[in-house]
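Listed below are the structures to be examined.
Two complexes, one shared chain (chain A), two partners (chain B, chain C).
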Partner chain A sequence: MSSSLLRPPSHLPPATALHNSQQAPNILNNSPGAVSTSVIQSLLSTSESQELWTTYENLLLSLLRTGDDDSAHLCLARLAKRFGDDNERVMALKGLIKEADANDTATLEIILKEYDQILQDNPTNLPIVKRRVALLRSMGRTPESITALISLLDVSPTDAEAWAELADLYFSQGLYSQAIFALEEVLVLQPNAWNVHARLGEMLLMASKTSDAPRHLAEALKRFSRSIELCDDYLRGYYGLKLTTTQLLSEPQKASKQTEPDELAVPSSATVQKLDEAATEKLAEIVRRHTAGERDWQGYEEAEITAARELLEKASEKTVR
Partner chain B sequence: MTWISKSTTGFGLLLLAHACYSAHEHSALQSHRAASLSSLPTTQSGSTTSLPIDITIETVLATLMICLGLVSGTSRLRPIQWRVWAGQIEREGEAGFTNSSGEVEKDYVGNPFRLLESRPGFVDIRKQRKEFAEWVKGQ
Partner chain C sequence: MARLPVQTIQRDPQLFYWILFPITVVMVLTGILRHYATVLMATSPKKLDQKTMREQRSMLHGVATRSNFHVLSGPSFRARRDYLTNAYETGAFLKSPDQRGQPPPNPMTDPGAMDGMMGMMKNNMAMMIPNTLIMSWINAFFSGFVIIKLPFPITVKFKSMLQAGVATREMDPRWMSSISWYFLCIFGLQSVFNFLLGSDNAASQMAQQMGGMGPQAGAQMFGPGVDPDKQFKIETENLAVVEHYSVLDGVEDRLLEGIMSK
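Then we have the complex of A and B:
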């Protein structure tokens, strides 16, 4: 179970976070508090594993989330002892603890000033820049946060995580085309990320509700298909594909009049029909096998399965009528 | 399953050691005999220098046994096709990446691109704390 502490915990359900935090006393007691950095001693004493520090970092995040601040400070102290107070990641974690402790806006302003101070000394301290962006967003100052993030991306344009955050920020402001652009940048950096393909498809699907439906739908169809191509039995991809094909079939598109060379044409309705059938079949299979409790099909989340089942039921109701 | 492979490897190593020892003893004995026989006029060297067949068989058998033990002790093979591997992560979750003793393998990270959606560098800790407090209240 402690293997989940080797992965960043922010997407875990609350129960798992609580479970991780409850392991804290155990881990803190059993792990070495400090590992000597001298070569001779490290040869003699128990070897320092890389997982130890990952565990500390993720444990710290879980502890902060569950509000166990004392243990969190202990974790930070050990990390600082090992890597030094001026390590960039340790600095960011320190800021994180302060943010978690802050009760009012005034304190947050002070923390923000501290970040600015650190960045004046070293403008390329990426973890702190990211903390600053996150803090601004958390304080509700999204436009400022976007500006800060864009300047970060000017410095380091290959940071896929930052592009993904930018996409999410734009999306929260309803700026679909900018968000889509940012996600496309993520895909340039990580072309195999099947979940980002699906995310981009979802965003295009939402954008198609507001403007330029045929082009966005065609693009979404392409993205969902790619995510399925990259990952067998990808529920999210098939779900999106089903939604898109339903949309395309329900409102027959006029023969695409804008046939610009670089534009993606909406595929013929026969192709869409086939894709729709394939998606329905696959979704039904996933739901059936997961519910039947087959051992190799238990990786899906319950909520996803429920959503897929509802979508299928809705679709079948429509055909009956 | 691990103890089977381990005991097979161990037994193979033991056999191999025994074969080596036998070969060594045999050659020692041969040279001793050759030295003692050289005083005699009728030497029959050449016919006695080859290793007895049972030692050869033992060596080959031991090597095969060690190979078998090591091969049966390796962890499960991973899919080499990207979509199959990704599909396994999505479909089976942690359960698909257990080693022979039933624990999740250490290098299993789930979907490595999940970081692009959870973005630990930009975590909003105050929101997470609030959500967690509400979850606790709801329990």
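Then we have the complex of A and C:
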């Protein structure tokens, strides 16, 4: 049983997802359909493990992604048999399958009605609340989706996943400052998530194009630095750092007036210069070693490497000119 | 001092089949039975209604903000602090805002609290009744039997522990009485239960007692008889005294130092 099935498959590359779902017949045949609850049998047979059910859940998601709906239904049936039809997670998975089966908007509307019905009976059914948000979003009704998410976060403000989704929704609407706020909430809950630091840096960098450039750029620089500090060789962090320093160096910022005493200030241009050099060097190293096929440097995604290479080429063109 | 002659006691080998073995089997079976009784009697955790969940998670949100304030920049931390402090003080997160200032309900009359207590009672009962029964069973049938000799020497101090129920002063403490074997089983069968029932079983009482200590902290925070309004006030003060600094202060210098030193 491959270990990739034990982790949530949301960010797996397509090849791995396909590989996982190709394993499905094997897993479905070899694993027990339902673990008996009778005392004697459970003494004799191997005991059920948590991994088994995690595998089923993740397998189901991979199967839906690769379009093997029949096996997905089988997975769901086994999960439902074990945990009961009224288990919250099973309910959410069931809704997910229905959404996948739906062909037109009318069917989706019916599913949405069902979710509303479930939530009327039990407003704290968080998996269903989240499904509803996702369904609204996929139906293109982003503002409603944001409203639903906000009411969820009012009840449960410690849900980092929901905050991250809210940030993404706001970002898709171009509301940078709201998105930044939501991402900061994610960081409050998960203070050492370097990818969130980098993501926040990216948002700040984009926000700096629209308003209040020096402050946003300064914070973006610091966010990227923090994410690299937390995770060495983090390509996205270095990439963002390089972009930010290029921006800062190309248009020298006038010293922003310090409105508040502890506002983040843009570091001195010497520091920015040094950071720029360091980032360029590191990006070059990552690209070189990845392309050379060194064994420890293969973890990067191909697209990110390509982007980094292009960025470097563009930068060197500029210096040549 | 002359070496004491090795004591030998002629034991009927049947003692093994009729005392040692039955006691062990009975102990293992009770453990398994207790496990399944606990599983059957366990009530599923009570579902929180929306308002309680909001109250508790808002509290935790404040705690998270207070303990991870360093990831935020100065202005964004102050904005959050002002919002949380204001909401805590006006009681915006309270489950029932109109009950502010009133003393919390008596936990004995609160039906929600009764559930928790009943659960504890049940667990204790599942522990106590079989133990009492088995102990009296052993006392009635097997008291005074010396059943095995430990394969290692042991000091006299253990005599009262190992030879409970056998009132012989001169006997080597290595000899064990049946009631002592029972006690040894109580404490020693944990690994057997782990093997039979998996590691999170409810069979052994040692694990139960340990487990009893663990979740106390979580229960106390939101437990019955705690006034959430007071907790919010405390949290407000905690937030107010936070002296803000940010990890972002000087992070670029730290980073450059780190890169340079490599």
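Here is the rule we go by: the second predicted complex is superposed on the first by the 314 of 321 C-alpha atoms of A that agree within 3 Å, B and C clash if a C-alpha of one lies under 4 Å from a C-alpha of the other, contacts with A are read in each partner's own complex, and residues count from 1 in each chain.
By definition in this document, a residue touches a chain if its C-beta (ideal position, glycine included) is under 8 Å from a C-beta of that chain, and two chains touch if they have at least 3 such contacts.
Quick caveat: nothing in here was measured; it's all calculated off a predicted structure.
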Chain C versus chain B on the shared chain A, clash or fit after superposition: fit
Chain B versus chain C as contact partner of A:Leu221, first or second or both or neither: second
Touching partner for A:Gly299 - first (chain B), second (chain C), both, neither: first
Partner chain in contact with A:Asn195 - chain B first, chain C second, else both or neither: first
Chain C versus chain B, contacts on chain A by residue: B
Touched partner set for A:Lys274, first chain B, second chain C, both or neither: second
Angle at chain A between chain B and chain C, C-alpha centres, nearest 10 degrees: 50
First, second, both or neither for A:Glu144, with chain B first and chain C second: neither
Touching partner for A:Glu114 - first (chain B), second (chain C), both, neither: neither
Partner chain in contact with A:Glu229 - chain B first, chain C second, else both or neither: both
Touched partner set for A:Phe181, first chain B, second chain C, both or neither: second
Per-pair minimum CA distance [chain C against chain B, superposed on A] in Å: 10
Residues of chain A contacting chain B in one complex and chain C in the other: 229
Of all residues in chain A, those that touch chain B in their complex: 3, 6-8, 10-11, 14, 17-18, 51, 61, 64-67, 92, 96, 99-100, 102, 127, 130-131, 133-134, 137-138, 160-162, 164-165, 168, 186, 190, 192-196, 199, 229-235, 295-300
Chain B residues touching chain A - in the complex, by the definition given at the top: 82-84, 86-96, 103-104, 106, 108-111, 113-129, 131-133, 135-136
Residue ranges of chain A in contact with chain C within the complex: 39, 43, 47, 122-124, 154-159, 181, 184, 187-189, 191, 197, 219, 221-223, 225-226, 228-229, 260-264, 267, 271, 274-275, 278, 282
Chain C residues within the chain A interface of the complex: 36, 47-50, 53-54, 57-58, 60-61, 64-65, 68-76, 80, 196, 198, 244, 246-249, 251-256, 258-259
